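Got some structures for you, see below.
After this come two complexes, each holding chain A, first together with chain B and then together with chain C.
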Partner chain A sequence: MSAPPPIRRRSAGEWARANLFGSRLDTALTVLFTLLLAWVAYRLGRFVLVDARWEIVERNITNLLVGSFPRDQLSRLWAALFVLAAALGFGAGAFGAQRRREVAEGRAEALPRGGIRRLVPLFLLVAVLLWFSGTLEPALLVLGAFGVGYGFNLLGQRTPRRLERYVPLVVLAGVLAAFLVVAAFGGVGWNLWGGFLLTVFLAVAAILLSFPFGVLLALGRRSSLPAVRAVCVAYIELFRGVPLITILFMAFFMIGFFLPEGVDAPSLVTRAIIGFTLFTAAYVAEVVRGGLQSVPAVQVEAAQALGLSPFKTTTRIVLPQALRAVIPGLVGQFISLYKDTSLVFIIGLTELLAVAQNVTKQPDFLAQGLYVETLVFASFVYWTGSYWMSRESQRLERRLGLGER
Partner chain B sequence: MSTENGTPMILLEGVSKWFGDFQALNGVDLSIERQEVVVVCGPSGSGKSTMIRCVNRLEKHDAGRIVVDGIELSDDIRDIQEVRREVGMVFQQFNLFPHLSVLENITLAPRNVRRRPRAEAEEKAMALLERVQIPEQAHKYPLQLSGGQQQRAAIARALAMEPRIMLFDEPTSALDPEMIKEVLDVMTELAGSGMTMVVITHEMGFARAVANRMVFMADGEIVEEGTPEHFFTAPREERTKQFLAQIL
Partner chain C sequence: MTAATASTTRRPPFWRNVRVLRVAFQAVFVVAVAGFLLFLLDNVVYNLERRGFPTGLDSFDYLKQPAGFAIPDSDFRSTQSLGDALLVGVQNTIKVALLGIVLATVLGVLIGVARLSTNWLVRKAAAVYVETFRNIPVLVIILFWYLGVMIRLPPIREAVEALDLVAVSNRGIVIPWFDQVGGGAAFGVVALVALAAAAGVWVWRTRRFDRTGEPHRRGLWAGAVLLAVLAVGFVATGRPWTLDTPEVGELSTSGGFRLAPEYAALLIALSLYTASHIAEIVRGSILAVPRGQAEAAGALGLSGFQRMRFVVLPQAFRISVPPISNQYLNLVKNSSLGVAISYYEATKVTQVSIAQSAPAVQAIALLMAIYLAFSLTIAAVTNLVNRRLTLRGRA
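And now, the complex of A and B:
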């Protein structure tokens, strides 16, 4: 056997001399950027910790989170949060146990950075929200939700092997139940949702709908049937050629034209979801098409030679390879969509950013120039969501072994 | 050579194939019996690959007739699927599915095409991996394997469909020299088990030892065929002599 590679350890001083003060130019740049960074950090820190008048966020924290959601129904949201925590905790536990067993059996590779660390962006968000709420009750409820999540996580880890295939169904049922807790049985329909709740709902619904639709469009664009191809190309080029704002306006004004008489026009939120889905699907289609092109033709030949039908060849061989090749692009598209939900203010919906704007016009805060505080808060909330998606995408890439397999 | 019920396993009659203006196959006639092992050789561009790719319809022939185990290849997708179930193929570049483990590569077609239950398909797959001598690689992914191991996994994948015919398209051409033998050993064992095989290869040692018949192709035509002894020691055609002089 060969000897291990020689390890050369450098002290911090050596590293700094080599990388920061290597030449006179290096030294000058190091000093300059250190000063610049320090100044920015000082100004930002001073604003956040000293100058900012956060009472506008503190007083409106409920408005920012749920908009005009009826206050006497808020308990439904807390209940839904508990159900969600249970469902997701259970799913994470079951998948985690399954994964660990596969690693132990040598069927899969272990991944660094997992478990609780994946929730860091969520913890950040919750910590800031609780700080602004300033009362004990929400903190206890959130703690309870985490407790329930953890309990169901332990339960999920004990899922018997023969029942493992039902885990996704159970999680899905849980999410659906959470939704029903809010909306059904005399509850609050999504046309009354607002604030961050509406932001998340719009994003999740549009992502879940636009993804399969986009994949179908991408496959259709490569179809051997000229009519299917033409329709898909026309759709993609049309919707990519129009600004999102235009599509939202059209969803607002035009969906009524296409409905048969006697059918009630859908609510504003439904229209917004339709608009986002139509728009994002066109982009998803082009991203996925790039992935489809990256799958070598010989893969299809190998599948055909085994007697696989065209449908199975697509779903088992081509799509899995195509989608894993475009995870970064797809997630980028979904992060865009998440932030673009803020555009719905133009059709009169009040999601997070609209609430952040509106509260500056309250009598108590009118004309006091507190825009920066609410914008910084809204930005932070958007950022935690985007950052979480970005981290999960990197993890998924590594898990699927992009680049190695 | 056994000829049960008289009909050939693979029959090509006047098969021609064009790629644009280029004629890749020019009236090829070939009849292959059950359990026969035929080695096809010839210079590159002679139509060897195109010919065997026509047998399982990876290429569509433009003229002539191809009958595989009694089924004539037509545009009917059911006939094509039927033939593909009977014919296994091994490629020069292995073409394993990189997103599936070796075991999943092998069980995919039996489970999805032959509708075998998972446990049964996996048991069969493990038996095949024993046969090609890489059972310890079952849960690895293709790109974690050496070239020789990948090609043996590819052979196991084709065998999992229990084909009656195996087509090999230069199975050792992409391998490092020290891995060629392990693949040829598997193929020799397979020939001994009575599998009907059509092998494109330039491994003349393998051809001499295993082939029942040699077929030499050039310019889209079959120039000469015969037993290995005859083919290597007393070729009739000038082109065959030239070719053998170059590769031996």
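And now, the complex of A and C:
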């Protein structure tokens, strides 16, 4: 191994000359952009700190987060948050330990550790939400949830090696348990969920439901049977060729027409989930197809040479390798889904964006044009989640060494 | 070898013969899918008839009914048919999509190049732009521009005017436009002649360059010829166009070309959002050109601009065509979100039609068919461009 090239530290002056005042054009651009950015920062800062009337968000913070969720059942949500924190903390711990061992054994390349900085967008979101809530109780509960998450993180790091393969299952079970804590045992069905809770629920439910469907579609599209291929291609291209809103319209206006007599049409939230699932499955199928194509043909040939049946070849040889490669793509799909849930506002569901619109019609705030305040708040919530996930997905991509093959 | 194996192995029984199994499985699959679709269709027909909607060949008769609603900012009257309303909607979709594509491309390319600037400040500003707009739902951006900007502009009495050319108020943005005062056909002929002359000059300069190797400057030449012929023709045909500037009245503006608030908000939001995606594609495509190309160009003595213009960008362009056309497709599809701010494009018209007792099944199926047609058109154009751009493999 050769030594890395020597690094010469540059002084601030040298850096500025190279990066800001390299040429006359650069100098002009620097001056222009300094003025522009200063103006934008001034306007934004002035709005956020001085002009904005944040009391509309402050007074409605619970509405924005959970919509019309029954207030006497809120403790269930907190319990679910603790369960989620435990499951995700455990998963992150186990995953991190596995990763460190791979690096130590030289099977994977070490990445610069982001450490706590990676969680900054999330901390920012939680901090802002807590600030708007204005009371101490939520802050303590959130701290508790973080504590539980950290505890289970430590526990996850001690997962014995032979149990490691069950970690994803445990995490999934945790997510399901969190759902049951809220909805089951005399709890609140999802028809009463709203706000940010509904946003997240729609995105998670749709990605989980569309995943198996998408994998089947992708396999069908790569099938050697022409009839199967044709049907799958038709489905994928049809659903990718039309806007999401038309599919949601279909799920809302048309579902009653599709059902035989005597079957009741499902609730609005269920219809939204059906629409999102049908739509996302087509995109997931394309992501998975990319993964399937990345599996070298010799793998299939080797499996055939060993006498594995086509079914076993697919489930034991091809899919495990393909699905590992598509994780970043699936995260990307989840991010678009997370943003696209805002569309259900058009059909009258009260997720985050809808609540942000509706609260401006409250008697205290009516006709005062407080749209900007609530929209900025909604944008901030969407932005932090989406930005954080896209960062993590990029990291995952580097970790899996994709794009370097 | 195949012949040898075939002669030595026995024919398997038909239930283990792969060929038979393949056909049988496909037959079962097709029957199952067709059966499911027929089941749905049967239910739809039954439910439609139960609610008194015509089915079969008359399914789309509803398009001939009078609409019963007017479309703002168009000549459409409520006595015209639902079919005409849908046509106006499709036109509005095209109006916002075409201009949006142009604006998003220009902005996206600028920002994509800015992300690779040698200037730290420019680079970071572009990065902040991209990360901001990519991570906010496009619907939120549309609502922001409509509710947060457009309808908060000053009322028409206090309209802001710039140099008497642009008038901005909450009734829309009015920009100067050309007004035809006569002789349009003659000028059209002149325009065709001008184009032909410019093309001729272009070809001549190119051939001369191929022969002599002197700089061709064909863009400059062709542009100058085009402008000269147009200018002469404009005067010769008696100045058929004048510039029409906006006049602000008591209750409305007259003259110029008015961008309705809904249209302006949708257009700006879609352009800004799509530009952030295009910028990332442009950046990625430029980075995907091997660095040796730019270094070799530098070694040949090309300047920074020449390196970009003649070596890097042409290769980056080829890489970026498929993903950028995908973004154009997304822009067309996202234009359906105009429904949230009552911009009457195809989706909004369909929504209102359903509220006005059009049958939901047919109306939505037609809407999906329209978007599918848009998608297929863009895909076809992309394939055409792509085929011309792909590198032929070396023989």
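Following the convention adopted for this analysis, the second predicted complex is superposed on the first by the 329 of 405 C-alpha atoms of A that agree within 3 Å, B and C clash if a C-alpha of one lies under 4 Å from a C-alpha of the other, contacts with A are read in each partner's own complex, and residues count from 1 in each chain.
As a convention for this text, a contact is a pair of C-beta atoms (placed from the backbone, for glycine too) under 8 Å apart; a residue touches a chain by one contact, two chains touch by 3 or more.
This structure is a prediction, so every number in the text was calculated from the model and none was measured.
Asks: Examine A:105 and indicate which partner it touches, taking first as chain B and second as chain C; both and neither are also allowed.
Replies: It touches chain B, and chain C stays clear.
Asks: Please tell me which partner, chain B or chain C, touches more residues of chain A.
Replies: C
Asks: Could you say whether A:78 touches chain B, chain C, both of them, or neither, answering first, second, both or neither?
Replies: After superposition on chain A, A:78 lies in contact with neither partner.
Asks: Quick one: is A:29 in contact with chain B, with chain C, with both, or with neither? Answer first, second, both or neither.
Replies: Touch partner of A:29: chain C, not chain B.
Asks: After superposition on the shared chain, which partner residues are touched by A:54: those of chain B (first), chain C (second), both, or neither?
Replies: neither
Asks: Once chain A of both complexes is superposed, is A:317 in touch with chain B (first), chain C (second), both, or neither?
Replies: A:317 contacts chain B only, not chain C.
Asks: With the two complexes superposed on chain A, say which partner A:302 touches: chain B (first), chain C (second), both, or neither.
Replies: Touch status of A:302: first partner only.
Asks: Do chain B and chain C touch any of the same residues on chain A, and if so, which?
Replies: none
Asks: Which positions of chain C touch chain A when the two form their complex?
Replies: 22, 25-27, 29-30, 33, 39-40, 43-44, 46-48, 117-122, 125, 131-132, 134-140, 143-144, 147-148, 152, 333-334, 336-337, 339-340, 347, 350-351, 354, 360-361, 364, 367-368, 371-372, 375-376
Asks: Quick one: which bits of chain A touch chain B in the complex? Just the residue numbers, please.
Replies: 105-107, 298-299, 301-309, 312, 316-317, 320-321, 324, 400-401, 404-405
Asks: Write out the stretch or stretches of chain A touching chain C in their complex.
Replies: So the residues of chain A in touch with chain C come to 19-20, 22, 26, 29-30, 33-34, 36-37, 224-228, 231, 238, 240-246, 249-250, 253-254, 256-261, 339-340, 342-343, 345-346, 353, 357, 369, 371-372, 375, 378-379, 382-383, 386-387, 390.
Asks: Residues of chain B touching chain A in their complex?
Replies: Residues 56-58, 81, 84-85, 87-89, 91, 93, 95-99, 101, 108-109, 112-113, 139, 141-144, 157-158, 161 of chain B touch chain A in their complex.
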